[in-house]
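Going by the order they are written in, the chains are A, B and C; count residues from 1 in each one.
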């Protein structure tokens, strides 16, 4: 196994506030790593630093051994790192299929072929496969804005996989999703992890979801790494219990 | 050298008028995200209202008072209630375009109902020259400058020294918080529209004797006010004042030292440079917007 | 329903195109001039619709690009060069300037961008007016020849109208292709949600600049048709108000809708003619109509239609969902 993502000593401060204060970790190929911690512990800031949305004050990010710190999100995405956002970010006026094609089109060909080539960038089949995989079949031509919240959340996740990513960072995929849908989502994510050998990092507040989905869990508190281990180890860690229940 | 003094005084006088217009412009932007593309026409109209009143037989002083009152009614209250309020929830752009249409409508209305020709307009400052330090300076320029400065000082005092001014500033900076701490936000927004109407009426009174009353005179003036507002700082009253004075002076110096053909280009180039290198303006604060 | 709708739309399209070809045959010189003007303005407005409607970038300089195209055509064709050469020059020039003008869009908020383009528009006007050696200044350039297209002279109004209509047809097809291509999808993505677009690998900078450059180039195309249409140009038509008019055409028709510019240009060019009986009041009525329309529907005329259709679709969709839901419930 080799490390897909290596994060070393990331620091990010806003004014005088250290949001992320020297976090290092590796993610191995095929792994599903959970990232948990109380609100305001710096999880989302860390995500944004890894993904090029924010420029870290200090530290280094490597993907497949290549330094990617400071790359723009679009460049990083084309290197095989994709993400979902905490809030829904589908394109409501485009159909489900169009949303998926959009999510994959920049990974096909070049600017010229995207202008002169076919309108779907040759992705209709891939998109429909993804639609089938996430069980959205009957909705392919519906405008994404007309879907239920849970369905949009599935679409949002599906979009992250259209480019055939090496690494996917999911920011609260379960947020606001009802119980039935939640089971669906977990099952789909596990399946895609196994079938496509995609590596995940998942931020989530829903403990049960994290503990049952992830192979390894890391806990952050006040900008620092507090604990790292299997779900069972983390659950038993006194420092984690302190961080969650102590305050 | 002597020539330079004349140019400076004349430049500051026009600049002070630009400043009045630019201040109104930034106030509308700050309190209600209105980019008023009809601001120049707002300056053009009051002079015609006053002229119409004088044609109807009113003496000059009465025409001025009634003209200003009519401006408050039409350009302040009417503008806000009939155009801005219904459009505001649709965002910045549709409203900006509606004000472009308003500008066309105002120009055409004046052309139709009044005249397409330029009309002379009496000056409230007596004509003539006076001599300062052995130099002859136009009384009109000095009078305009003095009046405009008085208004600007008055407005600054209103904004900074009075409780209404503080409430207006709170409204401009953050309406949500202002509402929570008990500022009557709606009334403050209306007040900025009335102040804008007052400022343009005053600018109209000061500038029309110099450039004559013409339906199309708002085009140049509106653009000068935009540029002044942006150069000075779109979100600061004192920025707009500084911007107005600067553009007035630059404009007059450019007319004298650059070719007359390209004098109009100098402020525009200044504008582009400012937007590219200091988009918040000379005195403005950066605008933070989450994307 | 969709298949029937598709045939209906194709039939409607054929009828409209047929009407545009056949009806003007017995129009007088002036009527043909107005229709040609509509075709030319539609092309310019389509360019702006790409920049504003699809990619979401405000430009107040489209009139200046029409001017650049018109001057390129006037200067080159009066020197005896063919219009196609002028067209190439205009397109390349406008594309390049549009590209450069797009750079501020990467740095500043949209309302600042409006002012940068506004300043450019006025600067371009000053150049048209002042550079006598090139543009003949306020005296303008007269006797601009009309082109020969594949051996046919277009001097007379009807052939020239067909030339404009044909050009509009070609531009429309190209635009249709562009909007349906992955580029069109990327433009919409960067208008709707630039952050998400970036995270999907879309190079928003490059697409923004492209939207600016292509939109501006279409302004140049319209200009190269405008010069032989009027056969005389001076700086006045290319001042800021042309840019504002074009902006209003796009918004009134419905920005971000493919047919928005056709409709907007029709209203801006033809409505004044229909309102001719009101004499001097027509522009005033136009201004009032625009304000009322924007208050009622800020997304323009096609916005009204779109809302109506969307409401019908949602009804149908929710009915469909209810059906699937009840099926699922009976199944489990």
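Observations on the model:
Following the convention adopted for this analysis, a contact is a pair of C-beta atoms (placed from the backbone, for glycine too) under 8 Å apart; a residue touches a chain by one contact, two chains touch by 3 or more.
None of the values given here were measured: they were computed from a predicted structure.
Distance from per-chain Cα centroids to the pooled protein Cα centroid is smallest for C.
Taking the mean Cα position of each chain as its centre, A sits at the greatest distance from chain B. Rounded to a whole number, the gap between the C-alpha centres of chain A and chain B is 51 angstrom.
Note: centroid distance chain A to chain C, computed from Cα atoms, is 40 Å. Our note on geometry: chain B versus chain C, Cα centroid distance of 33 Å, whole angstroms. None of the residues of chain A touches two or more other chains. Shared interface positions of chain C, i.e. residues touching 2 or more other chains, are given as 195. Of all the residues in chain C, the ones that touch chain B in their complex are 58, 104, 107-112, 114-116, 118-120, 122-123, 126, 129-130, 194-195, 240, 244, 247-248, 251, 280-281, 283-284, 286-288, 290-291, 294-295, 298.
Residue ranges of chain B in contact with chain C, taken from their complex: 35, 37, 83, 86-87, 90-94, 96-98, 100-102, 104-105, 108-109, 111-112, 219, 223, 226-227, 230, 261-262, 264-265, 268-269, 271-272, 275-276, 279, 287, 289, 291. Those residues of chain A that touch chain C in the complex are listed here as 51, 53, 72-75, 77-78, 82-83, 85, 89, 91-94, 98, 101-103, 105-108, 111, 114-117, 119, 121, 138, 142-143, 146, 148, 159, 163. Listed in rising order, the residues of chain C touching chain A in the complex are 178, 180-183, 185-186, 188-189, 192-193, 195-204, 206, 313-314, 317, 320-321, 324.
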